[in-house]
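Before I ask anything, here is the structure I am working with.
In this document, chain identifiers A, B and C correspond to the written order of the chains, with residue numbering beginning at 1 in each.
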């Protein structure tokens, strides 16, 4: 059997450092998975139905996988992505799988490759390298697995040793799947998180309708500022009742504002009637981050900001295939000026936990670590998205630890829609963090027992503590 | 004989990783050189005359060498750089060489040092460290070499194992040296590349005259928009007939535009009559990048953009010594917004190959890798200019591979005027890439046979394929 | 005795590289300390009184130590920081020390931890890990030490092997402590540096009063532009007479200007009467950098610019506790455009030495190394503030050496108020630089004897030469 996944993978090459890394890793590799932020579908856990065919499970919905093949000239539709225009697309899982397998070499050196090799071997027991020649056999094998009870969502949840997982739902979601899970006899802990972007961003295509529904669901009058804020309070409480311990905010920038109540109310009126200009719509989004922070102090929900992604950068792709098709591109993101209004208001309040993420690595050492290393309300989220990768995670630690330390970071987020890849992602993070700690020990910057304690915190403790899980 | 160039130079220090790197390198070190982008003088290959004295060959025209000595207080004129004002300058090669040798320690840790040590030992057989005491003997030795037939340009071309080299000529160049090469009985493959900056940039001092000449050479009426575009088509075809497979565009920014035909025509009229303001001149340059991309889809020429160099940052140096004297300084460069008009138009078209370069390393992981990892038209050029160096190339791989993979990169460009240094530059790139791959193998992220295949692609295959050579 | 400080700490993990690093370090570890820029209090050396209790010496005034605990929810006042509002604060050194010791784990992986462990062991002979259980014993031990003559400032100065140390005083300082030192029979070399920010920045709260005092002290009429410039010349000479060899400028940006004499005079008149707007005040600061550079050519004082710190980012903290309480956050900083007016005027003049610092690491390879690798007037200051750390110093070398070389850098600055930590800081810099050089030797980019010469330059020679000490 070839080493699809070598036991020492991702550890530093230097033998002494590697030995230390291995020892640290052995102490954390079997810790339960705490997944405080992600995008798996709660319906899976609610209904516990079999997953679809291998391509539909592992390729078609994975924007990492799709975009890499697209970047080399393969069409989204060839990869099974259904166009909004009803045009033809490949529906046959095996055909998609073969195309992917034939191009699997494109992923050399990427985390997609590492996650998939991990999934193939440890979830499905595959012992062959995936390529054109092995594609069919592996496809058949996985398809067969997916018919078995042990591959049902709840069985995998247990098998993956997940202690708790958070999904993310829009503020206007009815949380029916979470209710179904709660009402079931299953004891897996699946919680939601409050994501109000669609009722905060006036540029959302359905913003006005969303606000109407938001009013209905909350029983509050979303026609005025006070009622709109109450609606948030109401829905936050509803989400908390379904387990939520956090909110999440995906904004184009990290801009915040802190208007007087009067000014905010007037701004809301303009926003509500569609009369606000570009700058006012941006100001509103910024104001709402500060409002959300204030509410977090009231209700204890941990706040997360994920800024800086230019969603749907290609209008062609977006028009034909919709969002989340691999064409979200990071942009330069400022924090030090952008967050100031919010921080001036609540940054010194230790009751608030605000977790910051970035797609602009230039901000790690220049802005994010100094901010998190000073303000009690701030914590640094883990390396995100494109940087959820071996080198990305190493840079994250190298660029933040010396200024913010480890205890202003929050452990790992898998942040994924790809349920089968969750163990692979946590394993990668544990390996990289153990390798980083091993480097500090090898250079005599940490004592071994400190490294062991920190490895446990990074793999498990900090996520539980920060997200109140 | 001292190790001017140790056999293991530039390989990772860890012994296991080094052994892997050495093995990979052994498989690619003798591959022919494909040089798809550079600035050597086609006259050398056409006339095949002896090179001038050692200082004129290796120091005076090398802006890396000159600027470092200037930065320590030595005058350009002392290094043989002739002022435009007719003032005195050092004309004696030996005197220049001695001054350089005395200061050679300033280059410790720089690629200039590595390239020159490589050239001294492997081209000229020098076995002594260059310093003040050895300067004269080495000068004499090289001067003697340069009188021999085996040091004539065509002989070196063969000796260097160059399979093909591209030079870069202005759109209004007559390509007479390329014609002379083609008409000769020599079989070396020297091709041109289409660089239209001087007929695209309205800020070029000779812009209007250039456009007149451009019209003459093409037989098109460059007094109107349609004729101007036809002139480009005509000259592109002329360049392609002289072997060109690519175009190259050196712009201050990566800004692009995509105006309607009518608006573009009106803009051109203003530009042509000199009535355009700063913003309109910038808009024109941006529009022309999109036009060039459209023409590349028609005629198949690979397009390159080299943005972000503030040319001639010192007006004193520029006024006295002219361009390319070591005072071109990088500036922050945005891609994600700048390229959008062009990408919206042609970014999804796999018939286009647009190779992007940067002098702003902050863009590697934040913008360039995500863009190249999505858009089929985009590829990432290698680490450029200041980053054509061991650490620069390592950062390039570390910051781009996990998102864009290897196959969205294009192999190495030497991009040099310094013909004798070409083998040194390719050798450095091959060593660094093999070291990077060795690291992935040592960390069990790649299998050895994958690493070997990739080493070959990075050293040879990708350049040939991308540039259609 | 545990290894609070392992002999091999901070050296690369690879055994061969480590051995080289150790050998280089052995040759520089005992070189005298040259400290050309810092903020120790000259009163200490003048009065030579005992230092206060351990907490007041090592924790309360250290914004690195304070901010990290604050970031985890501990109040400034709990750490002994006295509020400007007269509110309660912890005054008991032992209580503060215990709180710090209990939280010492927060500093794992930070330079604060390394500096303090070094100080504990090598200055105070502590052989126990600092934590809650050891806090009292260590406190008592240090307190006892501080009563001994060998812990008086002048004794430590000798013990630390300080050859020369520069403090930094405001242009309106009377330099009485420096005078007292000069008039004493002590032979320690303590010099000042000219920091005119408070008479250059119109946004300084006391700007107008400062200018009045500046006029009095200099005997020049600071009511007009010519007199104001003369006041600078006068005070610079006064500072030079007290040993100063440098000036220092802490600006929010690196912006410079170069107005005509007439325009500068008119601008000054507006500034002096308080009638200047935001842009004019910024323009004045920029103009003054160019004036300072011109005066440096006249009087030979080395010029330093420390730009890009957003001082007192939290208004809450600033209002209650004042400046320098850990809430200074870096902001993006441009150099290539900002410095151009100054460089156009004096950048090619080798009589000027202008040392540039940055808190924006993105500028290292993109702007600072190319600028310093070309302009004779420019040098690169060492990794500053948050980047005065192992990884920070490594990045500094990796990102600047290949373009600017070693000889356009200036050795180490400890830049600290924390006198007891000075040996620890220089030791860290020497270890990291030796490790970096060892890496180049291990990769056969440098010969061992070159590495040894460079190690000495980086530890000692370049600081002396650059700062004319």
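Assume a contact is a pair of C-beta atoms (placed from the backbone, for glycine too) under 8 Å apart; a residue touches a chain by one contact, two chains touch by 3 or more.
Not measured: the values here are computed from a predicted model.
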item	value
Same or different contact residues where subunit B meets its copy subunit A, judged by the half mark	different
Superposition of subunit B upon subunit C: rotation angle, C-alpha, nearest 5 degrees	120
Inter-chain centre distance, subunit A versus subunit B - centres from mean C-alpha coordinates, in Å	40
In subunit C, residues with contacts to at least two other chains	12, 14, 362
Subunit B partner contacts - residues on subunit C that touch it in the complex	12, 14, 16-17, 334, 336-337, 340, 343-344, 347-348, 350, 362, 365-367, 369-376, 378, 398-399, 401-408, 439-440, 442-447, 450, 453-454
Subunit B residues touching subunit C - in the complex, by the definition given at the top	3, 5-6, 8-15, 67-68, 70-73, 105-111, 113-114, 129, 310, 313-317, 326-332, 359-362, 386-387, 389-392, 395
